[in-house]
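What follows is a pair of complexes built around subunit A, which joins subunit B in one and subunit C in the other.
The block that comes next holds the complex of A and B.
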């Protein structure tokens, strides 16, 4: 089922949770709503579910307006961050709940319910826990049961509110790979909310980056990471270094370096901020004649196959430390130690005139 | 069999338990056992005769019957009040919340006099009920009204916090799965508050059984009709029939204990089933 969201706005008192949000979700897609807390992502999800009503705007399922539809008629499965399992029921009864509360005339026979619940429990690989109670399960198991319960009523849309938010790092990783695989098998239109950019980029088909009730960018994980639409998205998705500089007639000048910036050909001596990812910075012990920034190493952290260096500019006008990520091989080759003097040069950068980014620089 | 002492993070288990037992003995068990000792002055046949006279039996039926009915009423309406106080926002909510505790604070005799004045044939409420053929004051119905009044806070105060703790997510989850409001209440909310409801019911019931002050004013105290057991005990005491009074008290005590035990077992069973622990 496709979902279309038109001009959705929602206000909580004086706080605007959603401001004129427009979004199209294709049938069978796995979409991530990504944003910091308070960005409106959960509110958007709850409005789609019907748990919250918007002040204005429409939500369309398969081109049909759902604004007046009750929660029950929407055929939406919802998974909560804290599982919301019914603790007075066994795991089996939790999953069977949606089938048991159906009106008598369209309720399945007991044997059919038993069969479907058993199949779902097998799907989430927890059929051996059918007779347990929720409090006897681990967090990861509970969330899988919550998913099975949501799937039991054969929803047309699956909505997940920070589904892995309450789990520890390892279980989180396992579950999101598992969710991706499950989605690939079932192809049910799914929307999940997360504040974890890694999770959004890894699991989803498309990512919707939200901030302060607005959508900042919609795109594939690659697109939002490689071509962020604005400084907010750049800063929100992964580490980033900021360099203050100027752009002038298609060239960017940052301290001692000059870089081609053809997209800013008409800029006349404009203050700008350059965004550079830590892994997009080249580092060397010597300059090979090209312009480069001089710096010295302040801190070295080795994380598995990569080494993260923190550098301080020699030029005191840029006080921020620069983060650089290089491979362990490169690190060994350069034989770097703390305090060493090095030269750095951005391999790739994104320039934004600084007035546009003034709000989002901390 | 282990000779190692079990260590607990909470210190002073022995001390605390010892104190609890001594305290309970001094405050509850010794006075109660005095009643049993006093009763022992009677022979079995004397005892049996005293506690099975028609007048005493009638008072048992009335006391336990009216108390049960009052506790049941309180369970139902106490739940409703707790629900309204927890679920809805309205002006004057704090005031109503404070009013709930009033039956605790009011001297029971005052409650009895006030209720009698209201429900007597010429009272504010009684004048409208009398033409309908309903007599409240000086009848068992009056006793039921008084017992309902004094037992009101128990159910409200035990159910309220539990109701507040039920996550709205559970109800939302049930609604998303297609349950209607009645199904959500019966399958999700009620099982969660049932143990607390039972506790409130048991407290209101126990309180009603022992109630004396408010009832004697409104009951009319006619033997065989509207005479409660506590009054019968007082009457015996006034006639210096201490053994007879304690004999009736002992029977009352044993019945109360058995009933409360049953309620506790029910509660334990439902809590166990709900796996709330």
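The block that comes next holds the complex of A and C.
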């Protein structure tokens, strides 16, 4: 089922949770709503579910306006951050709940309910917990049961509100992969909310980056990561280094170095901020004639196959530390140690005229 | 207020730092025990002792004579009306306060506490002022031959008033702690309002609710002040158990007074036993999740 959101706005007192949000979600898609807390992503999800009503705007399911539809008729599955399992029921009864509360004339027979619930419990690999109560399960198990419960009623849309937010890192990673696989098997239109950019990039087909009640960018994980639409998205998605400089007739000038910036050909001596990802910085012990920034190493952290270096500019007027990520092989080749002097040069950078970053997260 | 405040003592971690010296602990414990003995156990025992002093026959005669039976019946009627009424009101009020945001929520919460903060005598007087012969509605009621004050309806009204807070007060924090997520999940799964209430909300609050009902019932049967004002003390007609005890006592009929009082004491003991049981269930329900 496709979902279309038109001009949605929602106000909580004086706080604007959603400001004129427009979004189209394709049928069978797995979409991530990504943003910092207070960005409106959960509100948007709850409006889609029908748990909140928007002040203005429409939500369309398959081109049909749902504004006047009750929650019960929307046929959505919802997974809560804190699971919201029914504490007074066994796991089996939790999953069976949606089937048991149907009106008598369209309710399945007991044997059919039993079969479907058993299948679902097998799907989430927890059929051996059927007779337990929610409080006897671990967080990861509870969330899988919550998912099975949501799927039991065969929803047309699956909505997940920070589904892995309350879990520890390892379980989170496992469940993430598992959710992706499940979605690939079932192809149910799914929307999930997260503030974890890694999660959004890893799991979803498309990412919607939200901030202060607005959508900042919509795109595939690659697109939002590689071509951020604005400084906010750049800073929110992954580590980033900030350099202050100028753009002048298609060239970016950052202290001693000059880099081609053809997309800013008409700029005349404009102040700009350059964003550079830690892995997009070249590092060497010598300058091979080209212009480069001089710096020295203040900190070395080795994380698996990657080594993260923190560098301080030699130019003491610039107090910002530069983060650089290089492969372990390159690190060994250069034989770097703390305090060493090095030369760095951005390989790729994204330039934004300074005024554009006025409302960035800094 | 303190009468219904329940504390759920966490299993206090006993570390060397929080451990008091032996003599301090012993002194505190003995003080508490002596206090309890003087002010609780001795009076309780004396009630049963005085009641049975003149023999079992006198005892049973005192509680089975017609006036006593009428008092028991009236007390049961008042409780049987007040408790269900407050059950419905308490659940509705707690539901509204805990699960919804609306204007005047604070006022409602404060009003629920009113019967605790106001003297029961005042509660009785309010009804006399409204329904009494010289009250606002008095002439109209007299015209239509409806008797509220010095009759059973007045006693029921006064009982309802003083027992209003018990169930609501017990449920509000419980429901607030449980939040609305389970109800939301149920509705999304297709449950109707009634189904959500019967299958999700009610089972989640059942022990807290029962606890509130027990306290409410104990107060309904034991209420003296408010009922005394509206009752008129007509023997065999408008006397509840506590009022009957007072009358007997004032007539120097100690054995009978204590015999009837022993019924109330017995009720208190039974309430206490059930309360202890339910309390442990409430704690269990709270610690789940």
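Everything that follows uses one rule, which is that the second predicted complex is superposed on the first by the 360 of 362 C-alpha atoms of A that agree within 3 Å, B and C clash if a C-alpha of one lies under 4 Å from a C-alpha of the other, contacts with A are read in each partner's own complex, and residues count from 1 in each chain.
Please note the rule applied: contacts are C-beta pairs under 8 Å (C-beta built on N, C-alpha and C of every residue); 3 or more make two chains touch, one makes a residue touch a chain.
Predicted model, so just to flag it, every value in this text is computed and none were measured.
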Legend entry - subunit A as common anchor, with subunit B and subunit C clashing or fitting: clash
Legend entry - Partner chain(s) touched by A:252 [first = subunit B, second = subunit C, both, neither]: neither
Inset, instruction - Go through the superposed model and pick first if A:224 touches only subunit B, second if only subunit C, both, or neither. - result: neither
Legend entry - Touched partner set for A:101, first subunit B, second subunit C, both or neither: both
Inset, instruction - Using the touch definition from the top, say if A:8 reaches subunit B (first), subunit C (second), both or neither. - result: neither
Legend entry - Which superposed partner A:133 touches (first subunit B, second subunit C, both, neither): both
Inset, instruction - Touching subunit B in one complex and subunit C in the other: list those residues of subunit A. - result: 49, 51, 71-72, 76-78, 80, 82, 84, 86-88, 97-98, 101-102, 133-135, 149-150, 152-153
Legend entry - Footprint of subunit B on subunit A - complex, ascending: 49, 51, 71-72, 76-78, 80, 82, 84, 86-88, 97-98, 101-102, 133-136, 146, 149-150, 152-153
Inset, instruction - Can you check the complex and tell me which residues of subunit A touch subunit C? - result: 49-51, 71-72, 76-78, 80, 82, 84-88, 97-98, 101-102, 133-135, 149-150, 152-153
Inset, instruction - In the complex, go through subunit B and note every residue touching subunit A. - result: 167, 169-170, 172-180, 183, 187-188, 191-192, 273-276
Inset, instruction - Going by the contact rule at the top, pick out the subunit C residues touching subunit A in the complex. - result: 181-182, 184-192, 195, 199-200, 203-204, 288-289
